[in-house]
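Shown below is the structure under consideration.
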Amino acid sequence: MRLARQAWLIFRKDLLLEWRGRARTVSVLLFGVVTLVLFSFALGPEAEPLRRGAAGFLTLALLLSSVLGLNESFRLEQEDRALEGLLLRPVEPTALFYGKALGSAFLLLLLALILVPAAVVLYDLSPTPAGLLQLAGLWALASAGLAAPGTLYAAITGRLQSQDVALPLLLFPLVVPVLLGSVKAMDLVLTGDPMHQLRSWALLLAGFDAIYWSVCGILFPFAIEES
Amino acid sequence: MKRAWIGWSAVAGLALLAVGTWIGLFVAPAERHMGDVQRIMYVHVPSAWIGMVCFTAAFVFAILSLWSGRRVWDDRLVGAVEVGVVLNALLLVQGSIWGRATWGVWWDWDVRLTTSLVMLLLFAGVLALRRLADDEGRRASWSAVATIVGYVDVPLVYFCVRWWRSLHQVQSTPETVDPAMALPLRLNAIGLLLVAIWMASRRARLEGARRIAESAAPPARVVSEEVARA
Amino acid sequence: MAHVDLDLPAGGSLLLAGANGSGKTTLLRLLAGRLEASAGTLRLFGLDPRRHRGTVRSGLSMVAHHLSLYPRLTAAETLALWLRLGGEPAPADRVRDLLAEAGLEAHGNVEVGAYSAGMRKRLALVRVRIERPRLLLLDEPFSALDSEGRAWLAEWLAGLRREGVGLVLASHALEWSAPLCEQGVRLAAGQVTWSGPAAALLEAGG
């Protein structure tokens, strides 16, 4: 299928460019760690409040880092107006969307490799192996939930002068369900789930992802067109 | 012709609001538990309903705007969103006052209020986006995209917050179904709807006029480029 | 822009001449579909670009001031990506041939960001080959090229013309661009002030 093939090519191109410019990618990862540390300073040094808030801190760190990653994804296209070239070529804008959204989701997923161990250390957590697996799954769902609307909005705000404030302004209220779902679900994994609510929260996240990966894909061509 | 019709129905709307509010404040019975404070419901509930109507209209206009490409739908979208945002803002203030009077706190993460807060932020964001976009065509498609994306979020936010709160078992604002209270409620709702339609359509016309004036005038940017070169 | 009446037969070539700010770039962008006209009709390949967006777009290519190259990809990767996006395979020899056409075989595996402006322009132009356009829009293609590069470009464009590709060219370098084009127009303040054979523009001195 042409759409899938083009999306895959765009995804690979983005990964390649991220790798080549890995100094910036590493900066985004470091930023995530810095955020976690800041939360420790704001709410510590007692271990108990930190442990209880761990799910929230992780989710917020993911959210804040996502803005940097998303802006970066489109900054790559701004250099030399590369995006215009792609669009003039018969590249389906929808393929462009899915390729870039996958790229952003991948980057956010990568964050987990750094942030979860960092949180385990900083907040004195002790998740079981099953718990870690569940955290990984939840992180993937949350990353996907941020990547889809984030890519759509980054395409819009990337053209604006005030792009660095416009993206979070638009994105953050929108992803409240991802925020709540991620925090609640991760908290259940880390502190226990007596009433078996984890599955419901995970389904909520999955539902948000399904809805937004379709809606944003449909709307992306409108966001990208010149006048 | 249509304008006059909308104008007159707005007058009728104001009249209905006046009557409804008067009945609500003075004639309808006081609620058993909360007393007179509950009367704020006669403005609060209609604001919530009509706010939702405005955003739903905006959603429809957004789809039409993208589908047809005609700018007139963008104008109407602006009218609907602005009126909706204002009503939502008022809603939050009313809700806060009610909360303070009944539970002693200015804010308590009530499901409906919290959802309204997120809605306010979402649609205020749409308006902010318009200010930041300088190209007319982009402004229209971006506003429509942001409106659609935001509107789809509303039920998700609602369910999410309800779930979130249910874990804490806090009482939410009760509904009243006493028929004596239903009348002023309905009067106010219809009255507010008529006034809202009038305001939204005026705002839409204003936007249309502004848009035409903007494209007719020579671009201001040319002047600043000259200045920059000099 | 106003009062722009142009007609270009298939495979024809048109030169746009005029001072900076006269509307050459705007006109090219309108043709490319990057801008939308507020009035008037535009037909490309006999089709309305708004109705037949895909068909029109696949027949058009444009190389403008911004070359739309990714600085961090190598030339070989850029060409391979373009081939694959078009649904074609990207075997090494095909890529090599394209690089040779641009005179970049020795630099195929260097990131484009390290190239000189002339090299990047040649890469962008050869990339157009992959798109197999019926109409090529060029905005100041001779700029950023030294005389050797310009000779290369003139020859390359002549080759494209022989293959029947149409050309709309906005250029200040009349001594290079006029011989490539049959028709010419002069633009001033967004309006066409003169139209006729391109050779006449060269004689008049632009």
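So that you can tell them apart, the chains are marked A, B and C in the order they are listed, and the count of residues begins at 1 in each.
Criterion: a residue touches a chain if its C-beta (ideal position, glycine included) is under 8 Å from a C-beta of that chain, and two chains touch if they have at least 3 such contacts.
These figures come from a predicted structure and were not determined experimentally.
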Quiz item: Which chains share more C-beta contacts than any other pair?
Solution: A-B
Quiz item: Taking each chain's centre as the mean of its CA atoms, which one is farthest from the centre of subunit A?
Solution: C
Practice problem: Report the inter-chain centroid distance for subunit B and subunit C in whole angstrom, where each centroid is the mean of the CA atoms. | Solution: 49
Exercise. Could you give the separation in Å between the centres of subunit A and subunit C, each centre being the mean of its C-alpha atoms?
Key: 39
Quiz item: subunit A to subunit B: how many Å between their CA centres?
Solution: 30
Quiz prompt | Residues of subunit B whose C-beta touches two or more other chains | solution = 137
Self-check item: subunit C, residues touching no fewer than two other chains
Solution: 36
Self-check item: Numbers and ranges of subunit A residues touching at least 2 other chains
Solution: 226-227
Quiz item: Where on subunit C is subunit A touching in the complex?
Solution: 32-36, 54, 57-58, 60-62, 66-73, 77, 81-82, 84-87, 111, 131
Quiz item: Once bound in the complex, which stretches of subunit A touch subunit C?
Solution: 2, 5-6, 9, 13, 16-17, 20-21, 76, 79-86, 88-91, 226-227
Quiz item: Hey, which residues of subunit B end up touching subunit A in the complex?
Solution: 66, 118, 121-122, 125, 128-129, 132-133, 135-138, 141-142, 144-146, 148-150, 152-153, 156-157, 159-161, 163-164, 167
Quiz item: In the complex formed with subunit B, which residues of subunit A make contact?
Solution: 149, 152-153, 156-157, 159-162, 166, 169-170, 172-174, 176-177, 180-181, 184, 197, 200-201, 204, 207-208, 211-212, 215-216, 219, 222-223, 225-227
